[in-house]
Amino acid sequence: MSNTDFVLAVEDLTVSFDGFKAIDSLNLYVDRGELRVVIGPNGAGKTTLLDLICGKTKASAGSIKFKNQEMTRLPEHMIVRAGIGRKFQTPSIYENLSVFKNLEVSYPRGRGVFGALGFKCDEAVKAKVDEIADMIGLADRLELEAGLLSHGQKQWLEIGMLLMQDPELLMLDEPIAGMSARERELTAELLKRICRNRSVIVIEHDMEFVARIAHKVTVMHQGKILAEGAMDKVQSDPKVIDVYLGH
Amino acid sequence: MSDQHLPSSPRRKFMLGAAALPLALAMSRIGHAAALPTAQVNTTGLAVTDTEVVVGQLHSATGTMAISETGSIQAEQLAIDQINAMGGILGRKIRVIKEDGASDWPTFAEKSRKLLVNDKVATVFGCWTSASRKAVLPIFEKENGLLYYPTFYEGLEQSKNVIYTGQEATQQILYGLDWAKQEKSAKTFFLIGSDYIWPRTSMKIARKHVEAFQGGKIVGEEYYPLGHTNFNSLINKIKIAKPDCIFAAVVGGSNVAFYKQLKAAGITGARQFLLTLSVTEDEMLGVGGENFAGFYSSMKYFQSLDNANNKAFVEAFKKAYGPKAVIGDVTQAAYLGPWLWKAAVEKAGSFDVDKVVAASPGIELPTAPEGYVKIHENHHLYSKARIAEGQPDGSFKVVAESPELMVPDPFPKGYQ
Amino acid sequence: MSFDEIYNITLMQGFAGLSLFAVLLLMGLGLAIIFGQMGVINMAHGEFMTIGAYTIFLLSSLTESHAPGLMQAYFPFAILCAFIVAFAFGWLAEWALIRHLYKRPLDTLLATWGLSLAMQQAFRTLIGPKEVSPTLPDWLMGSWEVTEGLDIPINGMFVLGLTVLVTGGVLLALYKSRWGLRVRATVANRAMANATGINTTRTDRVTFAIGCGIAGVAGAAFTTIGSTGPTSGSLYIVDAFLVVTFGGAASLWGTVVSAFGIAQTQSISEFFLSGSMAKVLTLLLIVTILMLRPQGLFASKVRR
Amino acid sequence: MDAFKTWLDRSGLASIAILAVLLLVVFPLAMDSFRLNLVGKYLSYGFVAVGLVMLWGYGGVLSLGQGVFFGLGGYAMAMFLKLEASDPQSTAIQSTPGIPDFMDWNQLTALPLWWEPFNSFGFTLFAVVAVPVLLAFIIGYAMFKRRVGGVYFAIITQAVALILTVLIIGQQGYTGGVNGMTDLRTLLGWDIRSDEAKTVLYFVTAALLLASVLLCRWVQLSKLGTLLLAMRDKEDRVRFSGYDVSMFKVFAFCLAAALSAIGGAMFTLQVGFMSPTLIGIVPSIEMVIFAAVGGRMSLVGAVYGALLVNFGKTYFSETFPDLWLFLMAALFIGVVMAFPNGLAGLYESHVKPWLARRKGAAAKAGEPPAGTPGEAGQQASAPASSSPAASHSTQAVAADGGLGIGTKVSSQSA
């Protein structure tokens, strides 16, 4: 496959479950610093796409290149270490730990067994935690047990945990689900700040929100890409309208 | 079960049997105790008072071995009750502390220490498997306790602190093999055992005897894990080898499976000669008489032995434990324990372990249900070897008996 | 050795493998149903087998003393009773213990372990610590001598037939009956099954009880080939677990294949090696395969 | 934050200190040498239970094969002691003097090569830990890399226990078979059967056990401990934070194996023999029950669990010989059904709130009402603040523990 300047280059990606092709010869390229939103009706394969990129699901065929490095054969934790972060659809945080601990645990040092044993929470870690907590608006909640955060705060915390690792590609699965209008606004701001020095892929249903944040939109349908481009262009695409209205 | 229910005849016999003891002493208990004050009969701090002597009983009442050990528990209790009914030992009643080894060797070790160190028992009747005996042996030696061990076993052991009341391997095996050669013209043997020390040692002795002394041939030797329940492949191998004699020492749950499957494969007493070291009346309960009919067992005791001692013993046993109770070889050997100890204590005039041990060699028990036994220098018993044929109703018919007492030889020369 | 003899031995050895297969499958089946369909490890499985065996013993004693004329006929009826009795105790155990622990599958293991201890002691107290031997009808004993030198064990054929019957019945019930549909629905998605009106509580109880009932049948059948005592169940439990584990737990088909594989390996290696070595070889083979394929032979394919 | 951490530290250490006083002062003073030796034996099971807390409670992985590691450690030690007990003088009666008696009985005429290194005490000490850890690593790596866990892992470890038992029993010429290795007498010339030796060994065992508890506590408080807990509840999140989850489980498994092995070695030294009955499925499950009774999340609880169950076993079997199995069964079932977090859970959910209430009632005046409406946060941050508010947090914790999640219970109790 070709060498590219893209952060992420997905080519001919296919995965099938018992003959059903959830992703079918898909190509996707994401630029550095780009915020890409993937939309599509339910069952289009959006989440599966993210699963494939982060290694949760193994591809049947095709390639996923991250900074020109093949990812399809790597185990999940190596993909993360290469610089890809993934947020799950439902907030996945350590409910029993404090916000501080949640962020601290995500700090990319002491990732091996013995590294973790010898890990010290030094000034660098604390500084990083403070920085991120500030960014996600939880600076005054550091000692709170994470399970007691509001739903929106949990989503932010999970994003914060990813940011602790400074990933070059961040993948967010429905980050504003269940958020209030005010929280959505804050999240949009947050995303804009985040993608200043990294690429972001977001799966989202809320078109208003998508319009607000997206640099470029990809529309998926039945495991394939239906359309790709700027938001207004995609919205006026008859194929897209057909898919959304037809279902 | 209490003493007044005992039939009078066995009591009289046992009184006679306590040979060395004058009748008068047994009858005037109090006078006896006074004549032998506790300070004199107990110089090592055992649990002996003016009226009582404490002994331990250590068997598995639970776990897989409970199947086998229950008979020993009952027989020892019966003997102790009978002794107490006669006035006890040196004027002192025996009190038993029962401990459950739970078929677990570390538990045996723990309980034996408890009996010796905490309870200071004068002696212990107990253990069944070699493994449990091996587990407690160092403790008996260290604490200088005394153990009466009832099971027929592999030999290769002799301890100051143990009296072995069952047969050691050569006593059980050699006569049986000679009988097989003479009476059944057996020349080829197929050896089968459960995979542990007793069958392996027994088979080693059998092989030596057959090959070196009988000019026979071993056509197969197989060991199966304890608890193994499928013998069909083995049975096919036997069918190929066509031995004159199947010589078996399979134990526990495997035993039942082995005989049921032999029968199902058409190998019955009518068609094949089989001699075993491990089927007593106890095992027969599980095996079922119809599966063992016509096969032979080599033991020193069978419930059907026809002598007065045994008749009284069987009657007392059934009276105590119900008409359906059966008595196997080990049960009888366990019954000997308390009587041998009584005789030794009375000969020594003391409960001290060292003195009892010193008095033990030469102790005779003409009242033994198996006939007559005597303790050898090496702490095993002189006893006769017997062969019996299994009957469809689960009993044994004795068909042969060694003319002389077999000398116990735990370290047989030429068989190592 | 003549050709005839080799031919006979080969046939008998083939049957030995088959009958071991039947034994392993029958003992594993109940466990596989409970484990595969409910995720519960029933450590008391062996004791439910013992219940079945004792049922046979009690009925044979009753028949012998009250209706000796029926001795030839009681056995099939007794096997049915063994199923019913074990089923009833299984039902009770599910109600008293298991249903409280569905959210903690590992804890069912500890609870049923406690149950097995109590059951063993109950057998000892109620029936006696020694082994017993039920009197079997004459037609179940001995061998069928096809030709001179070729003996096929009747009890082996009986167990084989019973296994085929029970396995077929289970498969049929699981894939054709309402109960089977409910079980499969519950396994696939408990919440959804509940929502569609399936009484999952009842389904679980029946499933557990059926698993125990089959254990009872196995125990009953094994009175023809093995021992009956308070701890007889422990002779089988381990092999039963191996069969289920090796088969992949989730599928009954896996249990069948694994029982067949283990039986053939063991039976053939026993023929050519010594008994203990054969056992070790079989176990090592199982473990090696499990190391390479820890999910067992037939893992259910799930999207993770 | 720091205040919270030191509080946590201290809280863990306090209960360990109480245990230390109990083991090192109270028991030796209160018991005769026989009972003390029994306790020493129970404590050697305690190692396994402590290991299980790390593996099962923290790692969320239940092994039913801990007897394997206990046995391997014990056998390694037994091999050394057996060789020492088999010098040519004391084995002169054998056909081949100088080799262990069971080898002689099984017609071996020379010491097998792989026994030779066990002539060295240094190697033996190394092997006691290294062999079990290596085996745990191989099994753990194969299983966890393929994401086998839960019930399935439990059964496979059980199979391993079975196989090792069959192997040891089958290879009796090399292992002593069913009887095991018996009649072990001296350690480097020091008679381990004497009362003094047993007392010394008791203290060594107790000290090693306390050291193990401290070590595990340290692991729990490290980032690795946090990760183990995190993994147990949100394995994917940990994985997608760049951690190789399987290696952490392998570590927990190896740690538990090492602890079990040390327990096994101490068992051999104190009891004087080693046998395959300690390896199989039954002892392995019993050891899990020790941990369950004590509380699968609590290190100190696990030690109490091992002591309590074994005391119970000894006491019941001496006092109610016919009923003791029923009582043990009732204990196991009762603990599993009613107190899933064992003694430690009971303490956390009942004793501690009660203590706190008593203390809290005294200090109540002047404190602001804890827990502002809608902000549960106040409660959770309570542990960091002073004690009065603590009663609230423990109540929240208790409810949590009752549901069987119990993570919070854990992170506070050593």
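Brief remarks follow.
We just call them A, B, C and D in the order they show up, numbering each chain from 1.
The definition used in the following text is that a residue touches a chain if its C-beta (ideal position, glycine included) is under 8 Å from a C-beta of that chain, and two chains touch if they have at least 3 such contacts.
Just so it is clear, the structure is predicted and the values come from calculations on it, not from any experiment.
Steps from subunit B to subunit D, minimised over paths through touching chains, total 1.
Between the contact lists of subunit B and subunit C, the overlap consists of D. Among the chains, the centre nearest to the mean of all shown protein C-alpha atoms is found for D. Across the assembly, the mean Cα position most removed from that of subunit B is the one of A. A straight line joining the Cα centres of subunit C and subunit D is 34 Å long.
In this assembly, the C-alpha centroid of subunit A lies 77 Å from the C-alpha centroid of subunit B. Centre to centre, using the average C-alpha position, subunit A and subunit D are separated by 42 Å.
Inter-chain centre distance (subunit A to subunit C, centres taken as mean C-alpha positions): 50 Å. In subunit B, the residues that reach two or more other chains under the touch definition are 61-62, 195, 225.
Annotation for subunit A: residues touching 2 or more other chains are 56.
Subunit C has residues 120-121, 276, 279, 304 in contact with two or more other chains.
The touching residues of subunit D, when paired with subunit B in their complex, are 32-34, 37-38, 41, 93, 95, 101-102, 105-107, 166, 169-170, 172, 177-180, 182-185, 193, 271-273, 275, 277-278, 314, 317-318, 321-322, 324-325. Of all residues in subunit B, only 61-64, 66-67, 70-71, 195, 222-225, 227-230, 232-237, 239-240, 253, 255-257, 260-261, 263-266, 268, 282-283, 285-288, 290-291 touch subunit C in the complex they form. Put simply, subunit C touches subunit D in their complex at residues 35, 39, 41, 43, 97, 100-101, 103-107, 109-111, 113-115, 117-118, 120-122, 125, 238, 241-242, 244-245, 249, 276-277, 279-280, 283-284, 286-287, 290-292, 294-296, 304. Contact residues on subunit A toward subunit D in their complex (touch as defined above): 54, 56, 75-77, 80-81, 85-86, 88, 92-98, 100-101, 104-106, 108, 110-113, 116-119, 141-145, 148, 158, 161, 165.
Residue ranges of subunit B in contact with subunit D, taken from their complex: 61-62, 98-100, 102, 104-106, 109-110, 113-114, 117-118, 129-131, 134-135, 137-139, 142, 154, 156, 195-197, 200-201, 204, 225-226, 411, 416.
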